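Note that subunit A is present in both complexes that follow, paired respectively with subunit B and with subunit C.
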Partner chain A sequence: MKKGSVQLTESILVMFFVLVIIAISLVVFYRFQISSLHNYEDEYRDKQMLSMLMVLPNELGYSFLGKSENAIDTSKLFNPNLDYGFRTIIVEQVYPEFNGAVDCTIVNYPNCNRFVIYDKPSVSLKNTLVESRPVSMYYPLDGKFRAGKLIIKWYY
Partner chain B sequence: MVLLRKGQVETIGLVVIVILLIFIGIFALSFSIKEKEVNEDILTLKANSLRSSLLKTTICNITIKEELGNCVYDNPQCLDNCGSLNTLIGNIVSDSLEGEKYYFEFNNIELGSCIDKITSVSEVIESEKVEIAVCRR
Partner chain C sequence: MKGQAYFNWIFVIVIGAIALAFFVGFAFQYKELQEKKTEIIFLNSLDTSFTNLQSSSFSTSTNLKLPLDFSVRCDNSSFSIFVNEKHDVDYIIASKNNIKNNLFIWYKPYANPFFVTNIYYFIDTEGIDIVTSSQNVRELVDEMPENFKSKINFDSSDGRRVDVVNDKLIINGVSYDYLGDELIYAAILSDNYPCLADHFKTKLNDAVVTYTIKSNILRRSGCNYNLILSEMNKLNGFDSSAIDRIENLNRDLINKNCPSLY
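Coming up: the complex of A and B.
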């Protein structure tokens, strides 16, 4: 091969490697951008979930003489008129224990242990974020507090 | 000034390219294997609400808080003995959480264990502090 042709081949090879490096950098940069977007989305969803877990027990809360008792009033859990989009909200009794889950209705209340207070699942949304927090459940009929948990299922 | 030969210049170029590729690889790897952090705000909320709901829970006609106070003087009013109260508290706490580990301490009762924990706001019963924590891991 002539010197000129060797140099040309060398230049082509150098250009090729430079292009490969640029391509790899672009892919890495794209993945980084996508990853930060997903992180931001997750963070936002977590914050909204936290906000719901904090606020919801107050909306359904039991208060005595205007003072909040930090408990959910179970008599307010039938048709509470909520609109939270594609979510399911459940208040489940933990103590005293029950054999299996018995959904609460006006008829069997208070001999039940699960209040499905909002249920709007989505067929198209495949992912579900589930989070819960312990709550105190107040039963006005006997004036007792039972231990429970508030479960939120978020479809996205 | 020392003049480099053509071969040496090309070797330096090759080394620079390899170093660049290694940096890009490390950068990409650090993002692909990044662990998701534990949401501390939710754990704090869980720890505080767990303390509140546990102590408020009614057993017989008194609350767990009152029965814990009775157990300071080894005089339980609702349960047969204070050991049963410990078991009951352990069951309520573990059922209230979604598999997270916990730590409970009151007087000489200690339930669960944590390496790293988020503790709720403390509450005092009969001069003894109740500590309830949810484990980070």
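Coming up: the complex of A and C.
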């Protein structure tokens, strides 16, 4: 009777430890799943950023008689009403090279090389994702194209 | 001896209850996590489809098998896609409120006569019932991509009534202004045309502001852009007769060796 009781206690303890091991495994598995979810979220954010880099030159694009000419029209970069959330969007001329960075305004245009199209940083969002791509920049006053870089900073 | 047996029973019951609570809790948390994961994968595919469609300057369409049903909502601030939670999107979407099974996406850039915005049209396998007596509406449906055209049913009597009468768009008896075929398509496919039209007006107004600023810069070339700008401003009031005049004035500017406005 005493031996049976000891064996029962042993079985209960074994079951208890098995349960603890299973619980720990599940917690570890769940953490892996959460980490995988974060990877998916990062991937989604990256893709949204790349989409924006692809699409933005069309929205700010130079068109001739309504037909898109695959370049950013620099005279269309001064609209103050844009809303892209917590982001900073900059178009910089990289060639021909300019002496120092001169931010463009309607007054000093086209004697400048940096267009801050949109700038809305966030105090609370601590992370920043920065991506850029080369673009062609069109200056309608002299009808010339220059090489530039479109930079997007995304605060999250 | 009896005390030991009691202890065993109490121990088993307490631990069993804790284990059960833990496993049930885990099951719920895991389900939520998986749903979130599926939602992100779906949004990712949707974003890829949007970008791929936009890489063409022509009207294009695609379809997407849905892992989850979702709804499209339109409020004052933006359009949003709602799966388990709200995701705001920067696009104009003409869609039914709820989309199930298979999503068909059709993309049409609105450039009438200058680029204003991209419009995405959604339809699902269930399709849409439309009642119309306008030949114009039927002809426009005929020009839709095949996978859209086949899902628009004119035979039902309880669908949304869409007519075009004397340059007015009439949806279920309510008259709206419109500008271009793109907005008639939106009236056919969208459950919330007034909200869509408001967002479209905002985009149109933004485009007019952009061209006003551009014209201030181009004036330095000695050309006068006042006439074309005044016609562009008429577009804000959905005056479709201004479109031809804008096109002609832009051509006139080019003929005078002035930089074209758009």
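Brief remarks on what is shown
Just so it is clear, the second predicted complex is superposed on the first by the 131 of 156 C-alpha atoms of A that agree within 3 Å, B and C clash if a C-alpha of one lies under 4 Å from a C-alpha of the other, contacts with A are read in each partner's own complex, and residues count from 1 in each chain.
Assume contacts are C-beta pairs under 8 Å (C-beta built on N, C-alpha and C of every residue); 3 or more make two chains touch, one makes a residue touch a chain.
These numbers were taken from a predicted model, which means no experiment stands behind them.
Steric overlap between subunit B and subunit C is absent once the structures are superposed on subunit A; the two fit side by side. More residues of subunit A are touched by C (comparison of subunit B with subunit C).
Once the two complexes are laid over each other on the shared chain, residue contacts for A:Val28 go to subunit B alone; subunit C is not touched.
When the two structures are aligned on the shared chain, A:Pro140 is found in touch with subunit C, with no touch to subunit B. Contacts of A:Leu37 after superposition on the shared chain: subunit C is touched, whereas subunit B is not. Contact with subunit C, but none with subunit B, is seen for A:Tyr109 once the two complexes are overlaid on the shared chain. Contacts of A:Met54 after superposition: both subunit B and subunit C are touched.
In the superposed model, A:Ser75 lies in contact with subunit C only, and not with subunit B. When the two complexes are laid on top of each other via chain A, the two nearest Cα atoms from subunit B and subunit C are 10 angstrom apart. Residue overlap on subunit A between its contacts with subunit B in one complex and with subunit C in the other: 50, 54.
For subunit A in complex with subunit C, the residues that touch the partner chain are 1-2, 5, 8-9, 12, 16, 19, 23, 26, 30, 33-34, 36-37, 40-41, 43-44, 47-48, 50-51, 54-55, 58-59, 61, 63-66, 68, 73, 75-76, 78-79, 81-82, 84, 106, 109, 140-141, 143. Those residues of subunit C lying in contact with subunit A across their complex are 1, 4-5, 8, 11-12, 15, 19, 22-23, 26, 29-30, 33, 36-37, 40-41, 43-44, 47-48, 50-51, 54-55, 57, 90, 111, 113-115, 205-206, 209-211, 213-214, 216-218, 220-221, 250-251, 254, 259-260, 262.
Contacts from subunit A toward subunit B in the complex involve residues 17, 21, 24-25, 28, 31-32, 35, 42, 46, 49-50, 53-54, 57, 70-71, 94-95, 97, 130-136, 144-149. Only residues 17, 20-21, 24, 27-28, 31-32, 34, 36, 39, 41-42, 45-46, 49-50, 52-54, 56-58, 63, 88, 91-92, 95-98 of subunit B touch subunit A when the two sit together in their complex.
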